[in-house]
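As written, the chain order gives the labels A, B, C and D, with residue 1 at the start of each chain.
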Amino acid sequence: MTMTIDALESILVVPLLAAAILAVLPGYRLTANLNVAAALVTFLISVSLFWMEPHSGDYLLVDDLNRVFIVLTTFVALTTSIFSASYIGHEIEIGRLTPRSVRFYHAMYQVLMFGMNLALIANNIGLMWVAIEVATLTTVLMVGIYRTHEALEAAWKYFILGSVGIALALFGTILVYMAARPVIGEGAGAMVWTTLVQHAARFDALLLNVAFVFLLLGYGTKVGLAPLHAWLPDAHAEGPTPISAVLSGLLLNVALYALLRFKMLLALNPAAIAPGPLMVTMGLISCIFAAFMLYRRRDIKRLFAYSSIEHMGIIVFAFGMGGPLANFAGLLHMTMHSLTKSAIFFTVGHIAQVKGTQKIADIGGLTVTTPLLGWALVIGVVAIAGLPPMGIFMSEFLVVSSTFARQPFLAILLALGIIVALGGLFLRLNSVAFGEPRGPSAPAHASYVPMFAHFAIVFAAGIYMPPALVTGFENVARLLG
Amino acid sequence: MVIDSLYAVAALLVLAPAAIALSASPAGRPVVYGVSLALSLVLVAAAAVSLVGGQQSNAVLPLGLPWLGAHFRIDALSAFFLIVVNLGAAAASLFAFGYGKHEEFPGRVLPFYPAYLAAMNLVLLSADAFSFLVSWEFMSLSSWALVVAHHRERDNMRAGYVYLLMAGFGTLALLFAFGLMAGAGGDYVFDAMRATPPTAGLAALVLILALVGAGSKAGLVPLHAWLPLAHPAAPSHVSALMSGVMTKVAVYGFIRIVFDLAGAPAWWWSMPVIVAGAVTAAMGVLYALMQRDLKRVLAYSTIENIGIVFVALGLALAFKANAMTFAAALAMTAALLHVLNHSLFKSLLFCGAGAVLASTGERDLEKLGGLIHRMPQTAFVFLVGCAAISALPPLNGFVSEWLAFQAILVSPQLSSWGLKLMIPAAGALLALSAALAGACFVRVYGIAFLGRPRSDAAGFAQETERVSIVAMGLLAAVCLALGILPGFAIDVLAPVTQLVAGARMPVQSGVEWLSIVPIVESRSSYNGLLVFLFMAASGMIGAYGIHRLASDKIRRGAIWDCGFPDASPVTQYSGDSFAQPIRRVFGSLVFRAREVGEMPPPNSTLPARFAAIVHDPVWDTLYEPLNGFISFATEKLNVLQFLTIRRYLSLVFAALVILLLVLAAWP
Amino acid sequence: MALIHNFVFQGAQMLLVLLLAPLLTGFVRKVKARLLRRRGPPLVQPYRDLARLLRKDVVLAGNASWLFRVIPYLVFAATWVAASLVPTFRSGLMFSWTADLIALIALLGSARFFLALAGMDVGTGFGGIGASREVMIASLAEPAMMMIVFAIALIAGSTQLSTMAAFMNSPEVGLRVSLGLGLIALIIVAIAENARVPVDNPATHLELTMVHEAMVLEYSGRHLALIELATFLKLLLYVSLIACLFAPWGIGAATADPAELAFGVVSYTAKLAAGGFLLALFETAIAKMRVFRVPEFLGAALMLALLATLLRFVSRSF
Amino acid sequence: MHGLTFDVAHLLAGSLVVVSFLELYQDRILALINIYAAHAIVLTLSVAWQAFIQDAPHLYITALIALAFKAVAIPMGLRQIVVRLGIHREIDNVVGVGLAMLAGIGLVALSMVVMLRVTAEADPLAREDLAFALSVVLLGLLMMVTRRNAVSQVIGFMSLENGLVLAATGAKGMPLVVEISVAFSVLIAFIVIGIFLFRIRERFDTVDVQALDRFRGERR
């Protein structure tokens, strides 16, 4: 038992220590490797959680739901740190980053990891809130790290919208406490997740409803649901690419995780409004809106940022539909999307470095000039567009078909979003990856391992899912109701 | 059998990544195509065994949807289509031995070729919705990669783009169809769907969705627009596969869903199918007549033949709904036989086009001509293909169309008046398209192979590789064989029709003189063999007699030039001018065709110009508006990318207020 | 014994059509001439022409291909086979079931296909113009013909010529609107198919008006002879087709005794004569129309035929 | 629950709403800053009162922070900025004051409707408190979206956050209140510093779309 606690806490301690050390160490090579090492350690510990029975303390807990998220998070964090090592190296060579800012960057990276892990294993909704805000603020700082006008402008936008989101989420949290207090009694007990779940049925339904509205908007801002998405494309486009990868691959998931927790709470209360329809609506809006937004993008990173919004929409839609099948699909889609999207950002980051620009107009014929990167991008787009044999096809198949059996009209709307997005993505891919090469092209010193590792997993998952994983997902799907 | 087939497919899938490495060296090409050839022959053998043996075999692999697994099965239907697909694949691979030499970027073709073959086979093998759709979409994807193999031509990229979008659209339609049949339980295994057929209303929806989904891949008007763009864009042996084979996979999908899974058909089901088929046939061949690009002509003619197949399928549906199983079997046989025939001669023709393209570098009819002198063997096999696709006896194309007409002639026995009156009209369209197909291929062959060369490229063309000739020759031979001995093919098809139409045609092998008798001899019969022998005999006799008794001397002289000696090749009839009468008759109606000619003023040396402008009505009325809508919507929505922070905040604020209002309004 | 018997009749039929064909054309020409108050060539003139052509050398264009030389034999063979399958004086011929009416049309179609190719082989304007106009006419005539077949076959319940003839001979036919329409349509198609006035003028050699003649302009000698013969056969075929479908009187059954057969032969020749006379009359009465009026002419046939197929339900018999 | 305590709490909370309305009404920046200071003071009082009636000493800290930081430090800082950027004469309402007030009243009504439907088990104090807090939050948001000027937007955000603190303190026995209020103060400090450092010229939003295009590296 004690050991388990240690494992849990060490997920938090390791990043904090690493952050402290990285903040003072000079020299980017050393720090980068240290960064990787820390991420690796965290990942290994998180994997060990699988052999830990569900357990909850006053502040921390581990159950089937957050296990999945934690392992995914730490894994992507690891691969991203590997990618970032080579990426940041190049940035220093061309002088876009100074050693000081790199030191800051690595420290922040670990703080971010700390925040996300804390948010995932927090058993106290107040703590979870704090953790998510820490994560958000660190990303704000990292988005602005280039100190260019665009970067600062994006960071500022992210900061303001994020702060409002923070406020709304907090208000929601307070309301939940208010709803819980009469039942559970005053004090910290009324904010402990596991206790809340036990008594949720007796909470004041109307209060819960109001709370959920605020939480949906507050955390929804972080998830990037339209119309709360505005910060997302610019933050992705202007920040360093590893951060874009982390944002799309992880932070959105973490916020979604918080949302899911509260959804479970509402689902347990018969009198409360069904959270499903709200989530379904916002999911559909985000999916279709983002799909249309893909068409006129000029900046390749912003393009994929919008695609993230679209997929978040699909995932929220799936969880909103609920039911074992849709929830399973949602989880699968979330996992696949994190892996694929972060891999795409790895690729795009290297492409942007090779071509020296993010403007789609200046990038062309990549499969000719830098075949490996070009084809990696093709694979990524194929995967993200939901074409087989990649994993996203399976999740989209499940979402659409299971929805179609229950709500044909919604399914058709969703399908519309998917097909429009397909069009938008390939419209750009055609000009970027194929056709006559455009623009100057430097030789690529890319780290291919992370991206192709991700693609390999996504590919494998599209064809064969190991039973263990399936049962895990199924348990979680049952939890989500 | 299914296991063996799966091994073969797996081998193809392994070959695909291996081909990436192989494509680096020139020695790699024959390896890839050789292995593909061998494997497709293996698959043909396996399918043939299970079709003739008549036993079906299943397999379940722990792949795909975790709680479902991937189900595979070979029954009569899939076995037949496996034969069609892999015959085409074998021919294409053999042809590619020679043709592949001319490939500019083998690295972009070789890896996807085996994957494409594997995908098509998997579609036919899979027995649950998920693996079906995965293979289906993977088939689209791999062929897309082949379409954009020559990615530096802008048109190819556009073709690939339209193609992929239409493919995705079709897949979603099929997904909905399966979703309906699987029900809320989400049981995607075909057996389960078969066990619990959907209710009448849902089944109707399934029919429409299947027609849209499979039709968009098969190229039914108005979902055909991608086909003439994509098929010619690919390397020719791939075009042969896409046109000759992949469209048949789509037909398979339609048959599987509508005849096998969707339960008993309602009486009106056949109507949309027949109408779509007839319109497609007529439109397709008219389009084909207007084209200048050789490969595009062939692609449009594919659309026409798909139309014929769907008309026959519609007939089968009508008869099945009226419990006239013998007629249903007849119509279904016609459809399946035409599927087989078309896969043969269309592959042959595309290979021929590829040979021409390889040796002249031209696809434009107006730049070809006189190839019969430069490439005699290609010219001969191509002629056979043209005759077959124009449904001339004693070749195979005629047999299937003849059977289709025989099926139409049974229609008065249907109970519904609508069908009684509609089917002959469809027959008229069918006859029209048959006649126009003849005209179309006279044009193609006459312009491309006969006459005098219209460009140096055509003038100095070389005969193509021996192995390519062999591939095409084999296809031509099979065309002839099926034409003169159709009875055997019909008998082989019996289990398939038994499966999907509930009956079989009378046994043909017993009939004297090997003629075929759809129903009874007093009603109608046809004997390709005797027609062939008759014509051969009388032709020989005539020739022999004349050469013996009268003169057999030949003098070469100048062309009758009407007093204008050595006119340049430009004065020949061109493709456009050849199509002019038909364009005037049909085109002005269907294509808003206009002819703009400008004559220079008297005694000026300027050339006179003439242009025929043909619109594609479908493209104008369906795709352009859609495109317009998308760009409009994106334009309008794009504003949201450029708002100010305050405005974004007001969005958040509005969302909050709305949600609170919802709560306030909540009971 | 029976087999040989059948062979004999089949052979007789084939020879009969081969021999009668030029005579029919000669007869038509003669009648036309007489109607124009000319003496006209003797009846046997076509035979003479053929013989003359056969003896002459062939003059081939310099760039004529092997296909150009093969096509006359193909065309002749296809047409002859087709002609020999139409019941003339005796139904239920040995090979009557090798090809029903649809196949027979298709045979003529293949003849036309190759002839059009021949027109394009040497690459002159004439050949092209002829070929393109020929296929345009065919693209309308063939579906019309097919519709006629439908109309009659749907009534007779068969596309087998012998059966159809037998049916049309039987009392249950009665008078039918659709049959009348079918007959008119068939006549129009026959005129078009045989390149007669008003669709085409077999006598002219004025480039702009000719269709069929333009295609075969480059042919000479025995090749031309074969094509001419094929043309004669085609005319004969259509006349006897109309005869066997709409005037099937006197066609001997498979079990006919010599007397009946003799009567069959006589009645057949009579029908040919009547048909030829009517054709000549028609041709002298009417003027050739512009090429682009032809589609309307044939379209009318198509419409009539389609109408015939649809109307077959309304009038059982009365 | 004896009436007086309740009434006082009620009064303070209510007056917070009134002050928010005053902010909404005021369009001179310097005056606005003063009113915000008042807002903070009212908040301080109500928090202190809550600390007294809930006898939760830690809330006094919150109150102290509110007083020292929000009522004194921040306003001073803002005045500095305003003077530096020379925008103290700005009138920056997007919509007319009257309209804003109307909207505000509507929002208050909305929050009442939403909150007072809450069943009575939740003790009345909490209900009233929450109702007022929600109105303050909404009014703060309204302020943010109806003002162009960065400073007044910050003020809007801060009054929003005051509403949060009000709610948090109203929530009896809620843990982490102090921490949260500290965290928020830091957040606000960031924003203020941000305005100061990045020289966000008098407005977050540029009316000049070209400039935005340039920022985003996007062409329309």
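The rule is simple: a residue touches a chain if its C-beta (ideal position, glycine included) is under 8 Å from a C-beta of that chain, and two chains touch if they have at least 3 such contacts.
Predicted, not measured: the structure shown is a model, and the values here were computed from it.
The minimal number of chain-to-chain contact steps leading from chain B to chain C is 1.
When the C-beta contacts at A-B and at A-D are tallied, the pair with the greater total is A-B.
Centre to centre, using the average C-alpha position, chain A and chain C are separated by 78 Å.
Centre-to-centre, using mean CA coordinates, chain A is 44 Å away from chain B. Computed centre separation for the pair chain A/chain D is 31 angstrom, with centres defined by C-alpha atoms.
One simple way to say how far apart two chains are is to compare their mean CA positions; for chain B and chain D this gives 69 Å. Chain B has residues 638, 641, 645, 649, 652, 656, 660, 663 in contact with two or more other chains.
With touch defined as above, chain C holds no residue shared between interfaces to two or more other chains.
In chain D, the residues that touch at least two other chains are 114, 117, 141, 144, 204, 216, 218, 220.
Under the contact rule stated at the top, the pairs of chains that touch are A-B, A-D, B-C, B-D. Interface residues of chain B, counted against chain A in their complex, comprise 62-67, 129-130, 133-135, 137-138, 141, 148, 151-152, 154, 157, 160-161, 164-165, 168-169, 172, 175-176, 178-180, 182-186, 188, 630-631, 633-635, 637-638, 640-641, 643, 645, 648-649, 651-652, 654-656, 659-660, 663, 666. By the touch rule above, chain A contacts chain D in their complex via residues 126, 130, 133, 137, 149-150, 152-154, 156, 159-160, 163-164, 166-167, 170-171, 174-175, 177-179, 181-182, 186-188, 190-191, 204, 206-207, 210, 234, 237, 296-299, 302, 358-359. Interface residues of chain B, counted against chain D in their complex, comprise 638, 641-642, 644-647, 649-650, 652-653, 656-657, 660-661, 663-664.
Within the complex formed with chain B, the residues of chain C that make contact are 54-63, 65-67, 73-74, 76-78, 80-81, 95, 97-100, 102-103, 106-107, 109-110, 112-113, 116-117, 119-129, 131-133, 135-136, 138-143, 146-147, 150, 153-154, 157-160, 163, 207, 217-218, 221-222, 225-226, 291-292, 295, 302, 305-306, 309-310, 312-313. Those residues of chain D whose C-beta lies close enough to touch chain A in the complex are 114-115, 117-119, 121-123, 126, 130, 133-134, 137, 141, 144, 157, 160-161, 163-164, 167-168, 171-176, 179-180, 183, 187, 190-191, 194, 198, 200, 204, 215-220.
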